[in-house]
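Take a look at the structures listed below.
Two complexes, one shared chain (subunit A), two partners (subunit B, subunit C).
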Partner chain A sequence: MRPRTPRVVDGPAVGGWAPWLFLAPLLVFAFVFFLLPLGFSVWLSFTRWNPLGAPSWVGLRQFEYLLTRDDTFWRTVVNTFVFAFGFVAIGVPLALLLAFAFSRARGKAIWRQIYYLPQLTNIVAIAYLWQFVLDDRDGLINRALGAIGLRGPDWLTDPTMAMVSVVLVMIWYDAGKNMLIFSAALDGVDRAIYDAATLDGAGAWRTLRSVTLPIIRPAFTFVTITSFITGMGFFSLILAMTGGGPRGATEVTALYTYRMAFEDLRMGRASAGALILFAIIGALSLLQFRALRERSR
Partner chain B sequence: MLHQRMAALACGLALGTPVAAIAQDGPLTVAMHYTQEQAAPLLACLDAYEADGVTAEYQQISYRDYLQTVLTGRLGGQSPDIYNVYSIWAAQMVDNGVLDAPPVAVSKLVSETYSAGTVDAVTIDGTVWGVPTEVSAYMLVSNMALLREAGYDAPPATWEELREIARTVTARNEQGRIETAGFAFADSSSGAGFVHPFYALLYSEGARPYSDDFSEANLDGPEAEAALERMAELVGDGITDLSVDAYDFPAGGIGMMIMANWLESEIRAGFGDSFEEDVVVSPIPAGADWRTLQYAFFMGVDSNSDRKEAAWDLVRHLNAPREDGPSCMGEMLSGLGALTANTADNAAMGEPDAFTAPYLAALEEGRAVSQPNVMQAAEIEGMMAQTFERVLAGDAEAGPALESLDGEVEDILFEFY
Partner chain C sequence: MSAPDPIVAGETAGVAATRRLLSGGALRRHAGGVLKYALLALGAGLMILPFADMFVGALRGPADVYANPPRYLPSEPQWGVYARVFAELPMTRWFANSVIVTGLITAAQVATSVTAGYALAKYEFRGRASIFQLVVGAQMFPFFLFIIPIFFLLRFVPLMGGNDIAGQGGSGLLGTYAALCLPFIVTWYGVFLMRQFFMGIPDDLMEAARLDGASEYRIFRSIMLPLVKPAIATLTLFSFVYHWNEFIWTMTVTRSAPELQTLPVGIYLLQGAFESLDQKSLQQAALAVSILPVIVVFLALQRLFAASDTANAWQGGK
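So, the complex of A and B:
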């Protein structure tokens, strides 16, 4: 008797309509909450629309205005880069450092929880808390400096210091989250590799550079790219903490487009601004991803 | 019952039927930014209201979200019947057909019962669009305890006197930071803390920010430059800076500010028993022809309401004086310490307190000029505030900054006029 061989068929044909039925909730969700709003936003960017009335088609005029005539838009783009780069350049190494420090510390779970706490706090509450700490005249820091005869910086009223302040608060807010990702990556490194490196005479610095960092590179890539994307699109902290001031010094593009849409009622122009920001973030994230992947090879 | 209403709503949406039509038998909705507690006298009137089977209910929408809520409500076909609109939103709402033009009787009531400047605040292109409710005006508010300590028994009568008194009042700590400020501007997210005093000074110079038809801005003229320079020299004199906030006046560390009347309750709470003695309101010392700014909220009816006539009847009912005292709205505003420009209400409420009296006098004497009802007012005033802040901080000169601002504002005006 010839042994029976299992019939091989293409996967989707087996299920017929069943996989689509199970996927349907997800597909409907994605269509309604991602594709539809994105498509609507793209369409809006070619219109002039104040939501009290009907949209009117203006072609590329909103893009033309933002890219060629709106100096404020370009100033906000520069502010966005300063904020995002500051956040990534200081925030990512700091989170890595914290993860290293706590990976060998006693009670590391408690330390990790403490550093993660800001993530559980409402961002508006965080903004008000830091306003209280950083207020130029009555803030805790400047009062403390004043008590020892020092004049503290104008944290919130000097344009440069205001940007420094929002970047530092953003780092404080986000450090715990990135630290957890790095901690998980560090915990995943096989101890035997460290033992082997020690046997080969590698010191602490050499082990970090040649063993630990290459192994946790995927986590590093992930944290860097997601932090960059977060930094480029984040504005709620700035809205609550400085309102984009002083004199527009902390007004980032996401905040500018938010105001354009909901305060100035210029939905078309705001959509165009949001799409330009989306394109910038997409292109830079792609470049960043490729650069980090190249280096890991 | 709830399920039935939900089902009716869903069916109505599915069939494209306006929800207002479904709610035809429901109560009329009055949407305002006051909390239930603040609006208690008005709520009592709404609860008691019943006219030809029509009743009324209150909907609270926070001030910051008011316009957005109106927008999304209309998009979803769920707009209230009656709004309480900030006058600077009105031009856009009228331009887009959101508001219903009131019946002649309501327009007549407004023209006859309210002071002229307040009627202007609710008038767009010659048409009155609602009944004024809360009115705010700006005056000079002085902390007399600080002024007396500095050797002055009365608030300043001239701008030079204001500078002199403020200089004397100002005290700095060892690090050079202002501890007691002679004067302060308010740090408000809308920019009103700079823009509203600027309007008051500009009006006092005899100018207006726009041409009558709003096709041109008058921000590059000598009057605007003089007004802004007056503000900038206060910072230049070292008697205030941008870290000092007029909203801290109730704490007692600020000598003077140009402020609206609605801060009274907070100032009163801050000063406690010494309020009557230590807080004095006086005219903005900008010459014999001084003027100030007023802005108003007004009750208007949504053009989508299926019971516009009944809604206007309710608006009239809420704002008409009652036999035993002021109107429902007047009673509520009086309880809040807010102003009304309803002359019948003001007469019914008797003598105002010493803090409120100068504000009321400014309204009644025609000193208070309304905030311009221009399209994109919030956007324009945001731009003005940023420019003024740059000049006050010493980052720009008043003349060139105003010239540039004038061009930017005219770009916006060109879109609409």
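So, the complex of A and C:
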């Protein structure tokens, strides 16, 4: 034993400055690319700033304008909510249904690779691929409907259908990932529990309700909340697929504030808008978390 | 800034359990089996459909799109479209930029995640709990919050890109590879992932090495690092996929710097060039080129860690 190592007896206590050296990149990054931008963003939201000039302090006026006078802002909040809600309400049960089939299927590797394909694809390609498929006149879907004598809807040019389309594409994009999370949770269920349930005379439905669903509840809560957060802040798909149109029907708040910043050059108001959206997401996620946890008791 | 989930990697462990499930209840299995595979196949068809549509579309020639009614299947597949993509679009440039940016970010993320995750898992020091809370908490902040402030922080870096000492007058780091990479060199999620893996490795190994007089760096490099190779493979894969596909940030900082655009951004910003009907096939071929490298890398790397005990390491770290 050497005298250089005096305190090795219990636990990882030695190392001196070593952990700080290992953590140095993270700490610098946390300051420069996390804390500083957040602080900058909050400060900007109290200013009026076109980056060609100097920012001027306006107090809470940007918040007041967005919340009380900007109808477009509220319309985008509603769109954001419809998009995220549609995505979660249809996407999560669908992923769960697929997971039930997937987790007991043969050839898992192949199914997994196919369902994971959209996750590997860049969002621009996804938007354009679906633009081609959903094209009002020459798209594959409306051609197929036409072949059996039906007139397909205007998927991307009708305001209501455009929202339906972006929600469906978002579900398609994320289904594989959520399916695999649910499937991992289902695989974690011990076979012995099912055997015990069968011995006790529980039928398939009762087993599902009383054994399977409670066990995968943590995964369900996780997928529901993360999907909701993703949906509320997701705008790259919409930007590339519909550009927020037609006539603002698919314009979500994140896209609205992005444009406010980089097209209208209103940095202060855009920062305020982004912070309001963040607050809405935080509040709704907390509510969901509470609701999903309460029900499990 | 969140990356895809690692569950996919850790999921292989369930295959054995599935086999056991399949062996029981032959009758019910038969009835449910048809429905199960029908559902999976229907879903798989929908997953593949847009990709198939793209490959077919890329091969259409002017004769097909201007026919009345326009033909869906190309009468004569135009395989030359893939050569045209490289000849008529700045494809080589985009491709090179995608490789450079993705490579730099992935390397940086793996390096910072491994070191920080190791420190958080294997050392005890004041402030460890708060730093870990930061790592977990920071993942809750959506990326759209950071676009505006980081854009201007990079724009006003003093003494860079023609800026004076107060950060005025020039364009700062905008228009450089640094602007594309720096905001992503640390991934909170990656740090969290690596910490979980290191937690699963017993401390005895470190202590034995310390008794032998090994330096802290040597313990990390020669003993701990080789043990988390599967985790590194997982993180590499997810970083690569995420940043090859990254779109919003790269578009924001390269809108006026075409020489820095990556594949998705280049294709998006060149929309105008694809407007006429017979250019659609060119667009579809370009999209195919932007997608294929990820699929190839994914399939290659997936085999690499399907064979490893990633699943166990992930479980152990919890």
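Following the convention adopted for this analysis, the second predicted complex is superposed on the first by the 272 of 297 C-alpha atoms of A that agree within 3 Å, B and C clash if a C-alpha of one lies under 4 Å from a C-alpha of the other, contacts with A are read in each partner's own complex, and residues count from 1 in each chain.
Rule of thumb we're sticking to: a residue touches a chain if its C-beta (ideal position, glycine included) is under 8 Å from a C-beta of that chain, and two chains touch if they have at least 3 such contacts.
As the structure is a computational prediction, the values presented were derived from the model and not from experiment.
After superposition onto subunit A, the partners subunit B and subunit C occupy overlapping space and clash. By the touch criterion defined above, A:Gly248 reaches subunit B but does not reach subunit C. In the superposed model, A:Asp136 lies in contact with subunit B only, and not with subunit C.
More subunit A residues lie in contact with C than with the other chain of the pair subunit B and subunit C. Look at A:Phe83: by the touch rule set out above, it reaches neither subunit B nor subunit C.
When both complexes are overlaid on chain A, the residue A:Leu52 reaches subunit B alone and has no touch with subunit C. Contacts of A:Phe262 after superposition: both subunit B and subunit C are touched.
In the superposition on chain A, A:Phe73 makes contact with neither subunit B nor subunit C.
When the two structures are aligned on the shared chain, A:Leu150 is found in touch with subunit B, with no touch to subunit C. Comparing the two complexes, residues 51, 262 of subunit A contact subunit B in one case and subunit C in the other. For subunit C in complex with subunit A, the touching residues are 2, 4-5, 7-8, 10-11, 13-15, 17-18, 20-22, 28, 35-37, 39-40, 43-44, 46-51, 53-54, 57, 70, 72, 111-112, 115-116, 118-120, 122-125, 128, 131, 134-135, 138, 140-150, 152-153, 155, 182-183, 185-186, 191, 203, 206-207, 210-211, 213, 216-217, 220, 241, 244-245, 247-248, 252, 255, 263-265, 267-268, 280, 283-284, 287, 290-291, 294-295, 298-299, 302, 306. Interface residues of subunit A facing subunit B in the complex, by the touch rule stated above, are 50-53, 135-137, 142, 145-146, 149-152, 154, 156-157, 243, 245-248, 259, 262-266. Against subunit C, the residues of subunit A that register as touching in their complex are 1-2, 4-5, 8, 11-16, 18-20, 22-23, 25-27, 29-30, 32-34, 36-38, 40-41, 44, 51, 97-98, 100-106, 108-109, 111-126, 128-130, 132-133, 138, 140, 143, 172, 175-177, 180-181, 183-184, 186-188, 191, 204, 229-230, 232-233, 235-236, 239-240, 254, 257-258, 261-262, 267, 270-271, 274-275, 277-278, 281-282. If you check the complex, the residues on subunit B that touch subunit A are 67-68, 71-72, 74-75, 92-93, 95-98, 173-179, 189, 241-244, 376, 378-379, 382, 386, 389-390, 393, 395.
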